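Below are structures written as structure tokens.
In the two complexes that follow, chain A is the common piece, with chain B as its partner first and chain C second.
And then the complex of A and B:
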């Protein structure tokens, strides 16, 4: 049973799981209530078919496995927002290190590639 | 096609062939197009007047005689008043049939004008509900979580706790005792005196509550007929059909040959309350039309799919419970019975005690919005012709033991994206929490009868309109 980030936006009280194909709605509800003590409202499930269209280097069809998705609504007005698992970090390198020299060089390169701001966005094949 | 244009110059929308049968023939379509183009050209040309255009003259080369002006008739032309001519060029209007945005706008304008100029209410309703598309079916009694917030968003309703002050006045003791005896006898009859078979599973309310409510409604209306003469002129329907169809919000079509196009979101409510009372005059409004404009209606950015609501395509029906010509066209009170799947014990078992009140509120908001909306449409109002006076109705929702009272004021029908842009009006719903009528039935007697519930019920039924 895996908690996943929803592909389409869900209401704040809905949590999305990938569960084994053999598991049912009642199983999901009991699992969450008894093991994790989460108040669970209605649970809705669907089976996602995995494509059999892709082919490998031997031109054989490769099946992506099917999986079951469960949408669990939390009871008692609880909400859940899937966290940002890969937040961007502003890394401050120590002065004088190789990383800092590299970052500076890359930033200079980027600045050199940008057009002259005094031209006001006009391309350089205009003019004299 | 030119040979068909033998119609008179004055063409209005009513002369466009009305649908005698559901299927138009190609001939009818061509005739419609031709008539519409002719009408719009006539209208536009009457507004425009081109500058006087003197026809280019050619002077004769031969020497002019003294009378050449008179002979050629130019004298009259030069010295007479400027002649206003009909427009020499046809006016530039968008095509009716082209695949363009302006053509679509023109088609919509023509359609709206046809609805506006419809001669009767049934013709108006037919034009508005003719085209069937996929629509979300809104069930008043639903177990969806937080359905009341969603329904408030769909119907642009503000929910206020408690009832307006006029219902908190105490009532006469004799009247109270009369109604109390009706109620107590009704409950005892169904639960104690009559020997019944065991009820069907999840249909207990049919066994016990329905017959009690029937007796209560009939008994109370006849008992209070002396106090409220309007009740004696009212009509009581049992198991009426109340249907309403409306559009709110827009969505982009995700897949299919119409992918990427913007469609309005359509809704349909098909409700069947236990009973309803209809009166010939409108109930008095609780507050002015533009009030509560500052109150917030919950806004939900997600589509109705996520509630979950499901789409179907079938007859778009708008119905109050009786046909358009009925003199008792205004609503007074509806009585709803909840139970079966929606028993209080079921909610408690499913870990959802807070959803009991949500379920009742959602039921009230959707049922009353459908009823008042249908009443308004039966008077000829629709989203482009918004209501000029508020439509008021009441509802009582019960499961036999617990009663909750709701009243609704419909201030606006303009819920589509276009009509809602500068519309400060909101529909308002007042409601109570569920109150116990009695605590338990012990040894053939009702213990702990709550007189507040009876007072509220009496005040609800005694509510009348001020107009004579």
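And then the complex of A and C:
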């Protein structure tokens, strides 16, 4: 069972899951209540068809697997907001390490790409 | 171990992968049992025939309930990793559980470990999907393989135990009855019995099936045998050559 970020905007009490095709609404409800101790209200499911249209380098059709999506509403007026699991962190690398050398190199490259500050923001194709 | 629900703690999450934390679990167990003994002793000391202990001191069951600090009420947070690990490039994880280690554990422990592994698996799958969505590399994807292997080994250990128990109790090796039969191609197959509402001699579709091979099939069984022998000999020769090669190079270096 995978908790996914909803593609379309969902009400605040709705959580979206990807579940195996063989699972039913009752199964989802019992699963969440017993294993995760989450109060569950109504559950709605649908089956998402995975495309068989894409072709690989041998021109064979490659099937993307089908999966079932469950929209679970939480009981007891609870809300759920999908968190940002990849926040940007300022990492200070230790001096002399490979990562620090790489970062310095990228910083130098970026500096080289910037235009001459003495020109006052004018583009290159004006004469002189 | 039985009265503490280790399934949902952070200690449980670490126990998923790191076998070194088995010691941590046993320590926690011993400390809790010590506290239990302490309460028991105090109860006995202050017990008076006239006054019932339950008025002054809660019963042992209620004390045990008070000690249930490890029961987590986190709910949907368990689909995500520790917030400290969000945004990291690499997340440290220990070795997967081996079958040898799992065989030393009791059935209750294995039952709890299964659910710990299941929750860990769900968490990793959500992380994988989110990383695909955000077009960001998933931190330490080898964790998925480790969890999958641990679960497979746990399943095999549990199956071994059930098979042994079944052999001792009934003398039958497999759950579903079956037998070795020769199909129409001359191959020996394990035929699994199905449940039918009517006997086999009244089953028309079953009677059409041939569980014998006619004489013209013998030629093809011979060919199959030759193919099997060829593969087997090829494998053996390859192993021998590999061994000789290793010996030759070890002699050269030595």
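The criterion applied here is as follows: the second predicted complex is superposed on the first by the 114 of 128 C-alpha atoms of A that agree within 3 Å, B and C clash if a C-alpha of one lies under 4 Å from a C-alpha of the other, contacts with A are read in each partner's own complex, and residues count from 1 in each chain.
The rule is simple: a contact is a pair of C-beta atoms (placed from the backbone, for glycine too) under 8 Å apart; a residue touches a chain by one contact, two chains touch by 3 or more.
Note that the structure is predicted; figures quoted are calculated from it, not measured.
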After the match on chain A, would you call chain B and chain C a fit or a clash? fit
If you count the residues of chain A that each partner touches, which comes out higher, chain B or chain C? C
Considering only touches as defined above, state whether A:44 meets chain B (first), chain C (second), both or neither. first
Return first, second, both or neither, reflecting whether A:77 touches chain B, chain C, both chains, or no partner chain. first
Once the structures are superposed on A, label A:67 by its partner contacts, choosing first (chain B), second (chain C), both or neither. neither
Superposed model, angle subtended at chain A by chain C and chain B (C-alpha, nearest 10 degrees): 120
So, A:9: does it touch chain B (first), chain C (second), both, or neither? first
If you've got the overlay open, could you tell me the nearest Cα approach between chain B and chain C in whole angstrom? 16
Of all the chain A residues, which ones make contact with chain B and with chain C? none
Taking the touch rule as given, give the residues of chain A at its contact with chain C in the complex, in rising order. 1-5, 15, 18, 35-38, 80, 83-89, 91
For chain A, which residues count as touching chain B in their complex? 9-11, 13-14, 33, 39-42, 44, 73, 75-77
For the complex, give me every residue of chain C touching chain A. 73, 75-76, 78-81, 86-89, 115, 118-119, 122, 125-131, 133-134, 136
Chain B - residues contacting chain A, complex: 143-146, 302, 306, 308, 350-352, 354
